[in-house]
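One chain, subunit A, appears in both complexes that follow, with subunit B as partner in the first and subunit C in the second.
For the complex of A and B:
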């Protein structure tokens, strides 16, 4: 009599892990895959029922239209078919690339200011004894308990008074409120893990505090610096509420604002809408996947302390 | 050491902290105080020259308005759904990523995608998925035979909040899972080894060891996600604009309408203050209740 070999617990475990992994991957990727697939379809294909999960005739015409109008090589032509079939190009198409540029300028400036402000402050909190040091870090983090929407009214009145409405400077300054506390928190946690002897030895050698920071700590803090730069960049790139309040024309509108406008514009074709979405998603997703290790360790550093 | 001269160290500390202090004063402390001030006046941009002091009238008007409490109820419901679902899904994801298996690294890299996506793109994506005519949700359910005719998803007042919460949850699960994974990694592995020797099955081990050890992580995630959910605005703006018929009219949306559509800055500021205080109270209550069980 042949006895069926019992399925070993290792096989069961592997099967469960594989099934769970596939499920998680589908949960995370399916919505994004649908966005991407829709952006590559013609309008005629995108309104087919049932939907074409994989386009029969993938086309990059939407993206070509965005780049051509954005670079001034083509004019929007609100008549004709949809952009994916050639012809029709919605008038907002030309705003997407400049908005991407605005987003990039704002995010880069916010990153630089975060480093300039955050690095010295985090070093002082982590390595120098001063009165109030114990509560400083938590006080800084506590400022994030205030909802952004509560800051909108006073920000708006001040920005208007300073004449900075519709100016990228208003975004750069206000985004510091969102990003700097977390940057300081992550960096200070990182500096605290470094041995105090490092600090003392350099000081005995006659380095000033600033020199210790620049020559000893900064080179060692590379991973944390990468992490906080990414956080500040992504937070600025993705921010919507404040940009919605402070920007009025294409001169200062960031990518989320233009994309939100397209979302509620009924004259824009579905496939073009999805192409705009892909454009907004691509840079942050690429950064996150490439620098995954830095991001996770940065988030982790914050969590362990908190 | 009652009186102490400012030491050399302290002076350099203050120098290094100067930039941070200036920024926090300008973009956090000042706006908070300024909005408290504004909330005591009847500021309306349609009548910019008249700005009478009204004391606590704005607060009284907000708190005595039934519509505000209905919005507050929706915010509470949305947040409760979102936080509960994020906790459950993120725990499962964290337990999965805590295992050693081929492909784990790829999986955790992909997990960051929802976290990195701008909330506007997230809103656009889900609005298209929920689309009543050509959306993926209808398409999928029709193909699988779960429904017989296309549904109007976001247009159904009973489904709006859960569907918006679903979009919110999708984006928030990765961060929550990463934070829980940190806590999981801190559980000493000999605990599991001892339980395995005792013959405790996997599910018992999960209930007896993993869940209790995860408590600090749960507290952190619940606190953070509740704060994010209570203040959430972007998806409400993009998916429904408070509709249909006020079904997704949450407090954050109401503040926006009051401030930037009705241009009543005083009422808007008072409402923001109430929201901020509620957030603080909620955080305090959550910390107290969960800290007791730690």
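For the complex of A and C:
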């Protein structure tokens, strides 16, 4: 009675799924792999055909240049190549680390302020019935319908009036305007999913509204908090347009501005550009790895019944 | 300890819906009061106003002699058990129970002792380190009870705390809650739409409908002398039989007439009018000297201790409860004796009882 089973549709499906996953992974990871690999290559190797995915002569010269302090303008290249051949270190190399610092300060401040502003606002919208609650939520959402480019000029005028041009505060303020609505929206829907009775139980148990928020809702909202923090951090870290408008000197320029600046030198060092790129993606990737656990649980959030 | 008084309290929600209208209610200290009524009648709203979870639109709410309209929930000495239990998912059972005490800055040693005592009483000591998600419904329910209990509040509120439990657990929990009340010496206000629960638990029952009070009284008063058709039909299982007919006077004596059916109602005052006669299923006896009811058995349904008969009287189907010794089959004629004292008579227009009041 034992009939040999043909290769079932189940096996075929698994094979197709596996192949598709590999393709997708390759598609997503190839540029990142090339970024990393080429940042360790010399300018000569980087242009070789076919490309070397694994460098023949890995070199850290680009990173050394970035981390070496006191590099001034227009350094001659360490390997003595002629600038015209493209093997030199660009003039802005010494600005990369300060710019990274700027980016970090701005992104961190935006995250912290997002939490301080977004959490109470979201709780109020989700759980307190007050006059104008619906309007408030709509107004917050409406600001996200306007494309950022439309806001550049008004933002610029406000920032100039405040005397904050070329100041990190200008970036923090404008990034908040962009990220806080999103944070409030995400958190409010998260809080809304939590049973009203939880809020009521805590209040009857002796919590003021603020205590309910701190002792019951925040611990439960950790995945959502991580999600909005990451979003705010990444949005600030990557932002280009506003930073380009409001910053003029190394005092306030952020990483994207400096990296973009590398390409506007009259010769471009691709390996150096890619080394800068590696530095630029490192913090976001590190954050994603650290908080991976929460990001996953954030996606399956809402399971707070019980 | 608290006496709770509603004085013409009205609650309108933001969408304009009036959930409770002109509520007057005086709940005595340490009373066990049950709010009973169908879904949407305003029971939870009333309870939430006591807890301070809903604002009062009009009128005054007093705890003892203090007006508490504007006292926020966390400043009232009130504990509450929710239908959904609403346990804190991120805390252990111990921390759930201890939470209210922590918020009130009870010392660690005292807190530990009170939590352990409550857990002991509710037989959940072995669950203290678990999270709510690792508990069964009945266990969660007991944790919720424990969380309210340890607070030793002046006012103990419960909003359908047993409705998510299975039938047998519900019955044993009723006994526990009743026991809790005698021990705690708090004022209990208990919401349910289960009339059996109300009848077993309450010192007094408040029957509500559409945001207004229909009747307030002891379980006996509510059951034996309902003031209107709604209250009469809301309590009792199976529900009371209602027969529409006319009140007529023959030689000065009042009687109920419907088709060939005539039932004298000697005690009744007032002139001829359309009435509704209410007959509880258990209020029939063997045919005697009193008024009688003749009909044909339609169905006979044994139910353990006794049996229910569907009896066709003229064109009306009555459900009656009789002993198991009455052996009848469908299609057979049957007669019952009635006790006029136990018949309920309502005005057909207003639905009001014509007993006592009339």
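Here is the rule we go by: the second predicted complex is superposed on the first by the 258 of 306 C-alpha atoms of A that agree within 3 Å, B and C clash if a C-alpha of one lies under 4 Å from a C-alpha of the other, contacts with A are read in each partner's own complex, and residues count from 1 in each chain.
Note that in this section a contact is a pair of C-beta atoms (placed from the backbone, for glycine too) under 8 Å apart; a residue touches a chain by one contact, two chains touch by 3 or more.
Treat the numbers as computed from the prediction; the structure is a model and nothing was measured.
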item: First, second, both or neither for A:120, with subunit B first and subunit C second; value: first
item: First, second, both or neither for A:129, with subunit B first and subunit C second; value: both
item: More subunit A residues in contact [subunit B versus subunit C]; value: B
item: First (subunit B), second (subunit C), both or neither touched by A:163; value: neither
item: Which superposed partner A:28 touches (first subunit B, second subunit C, both, neither); value: first
item: Touching partner for A:207 - first (subunit B), second (subunit C), both, neither; value: second
item: Touching partner for A:220 - first (subunit B), second (subunit C), both, neither; value: second
item: Common interface positions of subunit A, toward subunit B and toward subunit C; value: 129, 208, 304, 306
item: Touch list for subunit C against partner subunit A, complex; value: 14, 48, 51-53, 72-74, 78-80, 82-90, 99-100, 103-104, 131-133, 140, 147, 151, 157
item: Partner subunit B, residues of subunit A touching it in the complex; value: 14, 17-18, 20-21, 24-25, 27-29, 31-32, 34-35, 38, 46-47, 49-51, 116-118, 120-121, 123-125, 128-131, 133, 136, 140, 143, 145-158, 173-174, 176-177, 180-181, 184, 208-210, 213, 234, 237-238, 240-241, 244-245, 255-256, 259-260, 262-264, 270, 273-274, 276-277, 280-281, 284-285, 287-289, 292, 295-296, 299-300, 303-304, 306
item: Subunit A - residues contacting subunit C, complex; value: 129, 195, 197-198, 200-208, 211, 216, 219-220, 304-306
item: Contact set on subunit B toward subunit A in their complex; value: 9-10, 12-17, 19-20, 23-24, 26-28, 30-32, 34-35, 38, 92-93, 96, 99, 101, 103, 107-121, 123-129, 131, 133-134, 136, 139, 142-143, 170, 174-175, 178-179, 182, 220, 227, 230-231, 233-234, 237-238, 252, 255-256, 259-260, 265, 268-269, 272-273, 275-276, 279-280, 283
